[in-house]
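Got a structure for you, written out below as structure tokens; questions coming shortly.
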Amino acid sequence: MEVINALVALTNYVIIPATAYGAQLALGALGVTLIYSILRFSNFAHGDTMAFGTAVVILITWGLQAMGITFGPLPTALIALPFGIAVTALMMLGTDRVVYRYYRRIRAQPVVLVMVSVGVMFVMNALTRFLIGVDQINFADGERFIISARTWNQMTGMREPLTLRTTQAITVVTAAITVAALFWFLGRTRTGKSMRAFSDNEDLALLSGIDPDRVVKVTWVLTAALATIAGTLYGLDKSFKAFTYFQIVLPIFASAIVGGIGNPVGAIVGGFIISFSEVGLTYAWKKVAGYLVPAWEPDGLVQLLSTDYKFAVSFVILILVLIFRPTGIFRGKVV
Amino acid sequence: MSPTRQPGDPSPLRAPLFFAILALLILLEGLTTGWNSALGILNMGLISAIMALGINLQWGTAGLFNAGAMGFLALGGLAPVLISMPPTPGAFAAGGMGILTAFVVATIALVLSVVTWRRMPKGRARGLAVTAILLVGFFVYRALFDPAVTAIEAINPSAAGNLGGLGLPTLISWPVGALLAAGAAWLVGKTALGLRSDYLAIATLGIAEIIVAVLKNEQWLDRGVLNVNGIPRPWPVPYEIDLQARPGFAEKAQAWGLDPTLASTLLVKLAFLALFIVVILLLIWASEMALKSPWGRMMHAIRDNETSAAAMGKNITRRHLQIFVLGSAVIGLAGAMMISLDGQMTPSSYNPLRYTFLILVMVVVGGSGSNWGSVLGGVLIWYLWVKAGDWGPEIMQAVMGPLPEGDFKTHMINSAAHMRMLLMGILLLVVLRFSPRGLLPEK
Amino acid sequence: MSYLDASNMTGGYGRADILHGCTLTVERGQIAVIVGPNGAGKSTAMKAVFGMLPLRGGSVMLDGTDITAMSPQDRVKKGMGFVPQVNNVFPTMSVEENLEMGAFIRDDDFHDTMEQVYTLFPILKDKRHQNAGELSGGQRQQVAVGRALMTQPKLLMLDEPTAGVSPIVMDELFDRIIEVARTGISILMVEQNARQALEIADRGYVLVQGTNRYTDTGKALLADPEVRRTFLGG
């Protein structure tokens, strides 16, 4: 019984939150890795792209709510999501046309593109703040819980609570659908294959008659979709704040590099490695330890690391990977 | 910025002209808003210029992308707290030894695990041994560290609760700030250099977040978010109160037509200004000398053509590490100077947009690789950043004037303060695109 | 008129020319081989034919049409196929996907062509779901040739197809190339293994310093004592 209590506590405080967070990181890392494979630079503006997309989704959500349109038990933001993606995609295509295209033409070094992405980051950051401000915004509506602590107690009669929030379930389901669609697109469609070919060997792709401008455009649209979905899910699950989205680029980059930058499977695995390490190391294990070792009454929280240092987890994993396996777990690209 | 000019031969009048424009802007600020504000912008602008000199060393001379200037700056800022603040009575006795022993244990565990990793044959046993060393080390470290921290933080928590400093002169803390930053840079550079160029950017982004998190949370060190106030000023900068109390000061001020209080604040700012100018001139002199030496010529050769430099047998990664550490040390110096100027350490004020990415804008706009460009960019961009914060709402107020009062109008006026982000982003993009060599191109 | 007629090609990458009036012709269904010492401009000549090098003089005619000003992509549409010396496959894509990408500019059904490639290179059919990057050197070269064949070119150009493979694999690759030629495709290739290559060549070009030194049938060149002494090591 104690073991089951420990398991329930573990699920409630570690497994469920880390899975949801991991799914959000994975979607973010997929966007970073996609840009990296096709345009060959680390996009520092990705966090702000997520913030911009989410801000648009929130504005549309408010509009829908004002018109009295809701999604029953599900958050209204899910209806707004496709529109948000469309706006963000237009934004990305515009940015590419005005900013990035020139540097591709002159075949600028990747590090110059990183600097350019910093400029884009400032602009996107300003636009987001302009659109929606800097305050914390909670835009999740609909049913709050799939399993609340009370229903869990009624269902099982257990004292140890277990809750599953709607947003957590939606995160995992949406992320799974998105990833499946992305892999189908990259693996089965002609355009998707041409993107992989372009990523593998640009010269040979050009020689085969693949149109680079088209590949780049599709890449930005996909990135916009991934960033908006990731941002919206993160915002639904936690809450929206422009600055948090800026900070989240660190765990996202860490996920992409740990998995092997340029490798989509790696991005997903990396996302979960980072999220489980972060949640696991900053979780206070006192309760679980108390169930498992009844005789032991720990005086501390048995927390390995204070939550203030959650970024340190991403960073340490990143450094370990850079030292021992710079290409990442799934052997990404090293250009 | 004229795109028609052929690159390579900037007019010799270019630099004086731009610095004259800058002087004019500061003068205008002094005449319209007040000299306190003008000198305040200039002083902070010069500190930004020193940060820009550090970043320029890395980006302009070696093409290294440092996305963590904020971290090195904050670490440098720790030096005045640890060097020039008076020690907290009893703090060292209560927990100082505990913390030191904890650090020694942590270091031993790390060294031991590295040695084990190198000495033992590859295999599961090695992985287990290293994990075991690290785990044991971690728990021993926490067992020593946690009670020591509790003991220190219990001492007079409303005013102290930290170790305090050594009570040494503030000027000593400046080079110490540079050393602290250099140490962190060495650790990051050692792991991330020699790999893809953007790995360094991501690693520095990470270390910056962590350094600031440490400063925010380790109360025993710097009181965390409670801030450290009253950090002593560097020699020879006086205090306003002392000046005002000085016999004859009030008369002299009145002879100049100034209110004594105002005169004292201006004099303090001017003293800082003089000090900063000396530091900047020393830095530029040292950097020009270094770049003219064989070492500097090699750095340029490496930047211009890495492959051929590598073919000539130059160890590029080592050179990059040197320049990365040096550049970060300069940023650390700026960090210590900034804390001395402010007189207080407020860890929550470190913001990456302001202290990391804005510095990149300064370097690129000023002219990558050009030291005077960094100084110009540092002061000019800081001026624009401060002023754009004021202008944005004013302009928006004017634009929105005819509209009826309402949510939309309020929202637009409130959001206008963010226009400076937009301005900086567009400025960076425009310079990169149309004038990639910046305002004062490298010779 | 020959199927490919590249005459008097002059040009280079920077200011200095690499090619000085180099002329290459290939007849329909024949194999032409370019040999010569290192730095003779062999690969450059091939790239010039394919439009990857700006020409200052001379012309390239394919099947009677002047293609001198065309981009490489347009030349592919005109019936040229090119297999680069290195990086000539998509390593993280399966063999079948490599072939599909070869046919990217085709709008019609290319499955017959794919079957033809599989008949020519049976090993590729067995490995069609394996990533090209995981294959051996010789197999990868087959993928590369197969990819270029997917556009049904009339002229296939190979840049040192046997570089870095073992002698046995080299013989097998040459056999395959002869088979390709038998299907009516003209072949122009650059080779380091001059002796073996000239043995299968209908026409051989010995290039020195960007210009034609000897031009004859492969057999005649192999028999020429001067060529043997200078270029084939006795």
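Details
Residue numbering begins at 1 within each chain, and the chains themselves are lettered A, B and C in the order written.
We adopt the following convention: a contact is a pair of C-beta atoms (placed from the backbone, for glycine too) under 8 Å apart; a residue touches a chain by one contact, two chains touch by 3 or more.
All values derive from a computational prediction rather than experimental measurement.
Taken as a graph of touching chains, this assembly is arranged as a line, each chain contacting the next along an open chain of partners. No other pair of chains has as many C-beta pairs in contact as A-B. Between the CA-based centres of chain A and chain B the separation comes to 30 Å, rounded to the whole angstrom. Distance between chain A and chain C, defined via averaged C-alpha coordinates, is recorded as 46 Å. Between chain B and chain C the centroid-to-centroid distance comes to 58 Å (mean Cα coordinates, whole Å).
For chain B, the set of residues touching two or more other chains is empty.
Touching chain B in their complex are the following residues of chain A: 41-42, 44, 99, 102, 109-112, 114-116, 118-127, 129-130, 133-134, 246-247, 249-250, 253-254, 257, 300, 304, 306, 308-309, 311-312, 314-315, 318-319, 322-323, 326, 334-335. Here chain C touches chain A in the complex through residues 72-73, 76-77, 82, 84, 87-93, 97, 100-102, 104-105, 147, going by the rule given at the top. Those residues of chain A whose C-beta lies close enough to touch chain C in the complex are 190, 193-194, 196-197, 200-201, 203-210.
Taken together, the chain B residues at the contact with chain A in this complex read 63, 65, 67, 138, 146, 191-192, 195-199, 201-203, 205-207, 209-210, 213, 216-217, 352-353, 357, 360-361, 364, 411, 414-415, 418-422, 424-426, 428-429, 432-433.
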